[in-house]
Amino acid sequence: MSSEQLEYTAEELLTVAAARFLADGTTCFVGIGPPGAAANLAQRLHAPSLVLVYESGAIGAKPDRLPLSIGDGILGETADAVVSVPEMFNYWVQPGRIDVGFLGAAQIDRFANINTTVIGRDYDHPKVRLPGAGGAPEIAANCGEVIVILRQSARAFVEKVDFVTSVGHGDGTPGYRESLGLRGKGTSKVITDLGVLTSTGPTGELILTALHEGVSVEQAKEATGWDLQVADELDVLPPPTAQELAMLRALKA
Amino acid sequence: MSSEQLEYTAEELLTVAAARFLADGTTCFVGIGPPGAAANLAQRLHAPSLVLVYESGAIGAKPDRLPLSIGDGILGETADAVVSVPEMFNYWVQPGRIDVGFLGAAQIDRFANINTTVIGRDYDHPKVRLPGAGGAPEIAANCGEVIVILRQSARAFVEKVDFVTSVGHGDGTPGYRESLGLRGKGTSKVITDLGVLTSTGPTGELILTALHEGVSVEQAKEATGWDLQVADELDVLPPPTAQELAMLRALKA
Amino acid sequence: MTATITTLPQAIADLVHDGDTIALEGFTHLIPVAAGQEIIRQGRRDLTLVRMTPDIVYDQMIGAGCASKLVFSWGGNPGVGSLHRLRDAVQQGWPAPLEIEEHSHAGMANRYAASAAGMPFAVMRGYVGTDLPKHTKTIGQVTCPFTGEVLTAVPNLGLDVAIIHAQRADRHGNVQMWGLTGVQKEAVLGAKRSLVTVEEIVDELEPMPNQVVLPGWVVTAIAPVPRGAVPSYAQGYYDRDNAAYRAWDTVAKDRDSFTTWLNEELLAGTTRAGSTTLTGTTGVVQ
Amino acid sequence: MTATITTLPQAIADLVHDGDTIALEGFTHLIPVAAGQEIIRQGRRDLTLVRMTPDIVYDQMIGAGCASKLVFSWGGNPGVGSLHRLRDAVQQGWPAPLEIEEHSHAGMANRYAASAAGMPFAVMRGYVGTDLPKHTKTIGQVTCPFTGEVLTAVPNLGLDVAIIHAQRADRHGNVQMWGLTGVQKEAVLGAKRSLVTVEEIVDELEPMPNQVVLPGWVVTAIAPVPRGAVPSYAQGYYDRDNAAYRAWDTVAKDRDSFTTWLNEELLAGTTRAGSTTLTGTTGVVQ
């Protein structure tokens, strides 16, 4: 069966593309929501030694089915080590031990700051009240780098987030993160259903560096709330393979 | 066999006397050295529900033989819970959760301050270098009260300790401990091979409140490096019973 | 000195008072749902509810009018969406105004740790560059006396009561839980009073991998409440009822359907000592 | 990224350098004696030795001239008496002057915790009213930004290397220890490099009660050293050799008997990869 004949949803496309960015042997802090499926898929595909770390206390989880939440019992049962939540944040996240923070978002901006708190600028009277910070601020501060997974739309990809829940590259001032004493490099990539945005240059601005097969630069620009810059060399991401899709669907079954 | 016929060493006398002061149901932090035998003896005699806590991390240990050290494997194996050493000091000792701190000492003074650091006033060139603080300073600060076990001599019972390793009642100023923010009541009793000294009045001065059978007030005064005051009512401590001695010897066998 | 073994209604009556600051903790696993519902039944008011991850039982308590304040770091119905009763209380003040105090998980975890350690605050790296300190007064700063580095401080939670659910306790009141145990130890050690609901009381606590044991003398009360964590899960006893989480979304969506649920399902359930109403939407189970 | 499985001599050669700040931890249990003796054999100098409870292996290292500083909270031969080599180094500067930095257990435990957490300091209640702060510069103060209360601060230990002994590791380098595990987790997580000597390497780590597992990716090197904690004990493998602790007192008492032991027993022992001289006084066991 050739890849052209495969059908998949935007979410499947996104999940498979994100999974490919997780290198084997990496330690990966798996955030709540979409990152879970991508991280687990990567572990089953090209990255069997991917170390999955969950804020619920599971370190090195190897679940044999997709965990239903970041606190699913299968995580503790299959983990190399289980620790308390205070220990997780103090001994494991805070010192910068984890290579990749793998996060979702409600809004992300040009300089890769993340909002999961409120939509609307008035905190006390928001348009939409979101769940809040969870583990994200310190994951984004301390992990080696952060990869964000998010479906692309002009509502979610904004010039400036309504609320900075987790810091990317601030206002784009070069050296912004260092000036705050943040340890990790911050958001490096945003994987979307249209392509990949990469933090680039001293400002860390997110620019378009790859598109999924069949997606145009125009589509990506329309789905972005700022004047999206495009890399000189634009990669085309190969579509999900039959094996990837089969594995993902088996995981979710 | 009547008690008069029993023979016992000064250390046995001391251990049995100290054991009797531990009430059933109490939580007791068992310091290094002589307190160990007394606490374990108490648990086997009148205080089966005495909760033994060791700085090595064992909480609620019920050893079936005398532990050879505060880190003996039998402690962890028989404990209700085992915790790390940082947790022991931060979550268990520091908040004042433990009723009684049961400590040894090299020197103790009139106001029940304890020295386990150096003999001689010059810290850098001491006459005798002792092991040091261990857990004692924070046990003495935070436990509900402290009971000290120590053979009585004018060298050990001094007007003022050469080094304050663990605070008793400081210089005897009323409210001394409160002024430092110390949580526990500090040293309440010192059990010796001659009798019992009790912290008394607003100064917390140690005065003689009990003697072992056959010991005179003069003997106790001679074995004390300050002008030892004597309580109006002086108790006489009954000698170790055959049962107590048999139990102690079985423990040590 | 050791924990009293009692019934859930008795324990709530004894330990939880109007105006208290209370934490019902559980990180996906072992959420003390039955205890929260008993607090609703007993009509407590003006509570400050503390929890890292308030989910549907806090939505129920807020909707029932028990709370005047929520201290939290992630409030949602995991895998489903928003907490509608929480949102209605914050945005519309229904049924009572709800103040919020918002932290990150790292901050809340450190606040629990400070509480367990009897410290007025904990020090951490966190919140720097985020908008949280603009809105949350309980995020402070402290300077390292050795390096001069400025770090973040978060205060003790000041808990009156902690409530958790555990797999089992023995007859001496020692509590055992295993699997993912979150901040439950810190919650109990950090509160003035504590209640542990348990699946069962056993003669002997057989050691389990990744166990946390709380000695009976640091627990105030234990109440046997089998299935007391439903619809969350209790490892070794039952799985998470994911359908109940999804169903809650419909019930909580508007005030009428919530009020119907509250009156006809939760409050109408006959409360017997040691039993409880367990479910969100699928009727009263006793 | 994961731990290298190697020999003890190789691991010491690779990880421990002259002038390093190193901790060999173990609280009565699982003391990494063989590793300390290998450091003597390799002739390391000018080490800052850190340990809550320095006992005979530190006495040996100090007597052999490896150390210029000791950071500790209780230094003695437990149940026996003093550490004569430590005393001689502090008081007479033999074989080299030894600076001491003296803390309480609570302070040291918090310093390890700060190190593991990547923090410059930890906050605690401690030392107040004692004479320790007069002599120890690494006891500071910090003020709570919420209550104004003044508390004690102790700094990060700045460890270059942590060495511990554990019961076992698996082939992926995951380390498992159980029983009383002291501050060993904090030591490893708090150091730039780490070595774990283990009783054995196994295919699968069967879960044990009260276990601590360190994933291979936070450990630098693992060396199989059966009986590597003798004369301390390794729960499940062997008991403490109390006679060896008593015998050490005689050996260490004067410089001559110590030097004889050092040259004729410790250094004369043929060092093979993965084996080690194990005992204090009863001859070389390989």
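First chain written, first letter: the chains are A, B, C and D, and each begins at residue 1.
FYI, contacts are C-beta pairs under 8 Å (C-beta built on N, C-alpha and C of every residue); 3 or more make two chains touch, one makes a residue touch a chain.
Since this is a predicted model, take the numbers as computed values, not measurements.
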Self-check item: Of A-D and A-C, pair with higher C-beta contact tally
Solution: A-C
Self-check item: Chain centre separation in whole Å, for chain C relative to chain A (CA means)
Solution: 29
Quiz item: Any idea how many Å lie between the Cα centroids of chain B and chain C?
Solution: 41
Practice problem: For chain A, jot down the residues that touch at least 2 other chains. | Solution: 90, 94
Quiz item: Which residues belonging to chain D are in contact with no fewer than two other chains?
Solution: 118-119, 124-125, 149, 185-186, 210, 212
Quiz prompt | Topology of the chain contact graph, where touching chains are joined (line, ring, star, complete, other) | solution = other
Quiz prompt | Interfacial residue positions of chain D with respect to chain C in the complex | solution = 118-125, 138, 140-147, 149, 151, 153, 155, 207-211
Quiz item: Which residues, counting only chain B, touch chain C once they are in their complex?
Solution: 25, 27, 51, 59-60, 80-81, 90-91, 94-97
Exercise. Provide the residue numbers of chain C that touch chain B in the complex, in ascending order.
Key: 1-2, 116-119, 174, 185-186, 189, 212-215, 217-218
Practice problem: Using the touch definition up top, name the residues of chain D that touch chain B in the complex. | Solution: 27-29, 52-53, 72-76, 78-79, 82, 86-87, 90-91, 102-106, 109-110, 112-113, 124-132, 134-135, 149, 179-183, 185-186, 210, 212, 233, 235, 239-240, 242
Quiz item: chain C touches which residues of chain A in the complex?
Solution: 32, 55-58, 68-73, 75-77, 82, 84-86, 88-90, 93-94, 117, 123, 125-126, 129, 131-138, 141-142, 163-167, 170, 176-177, 180-183
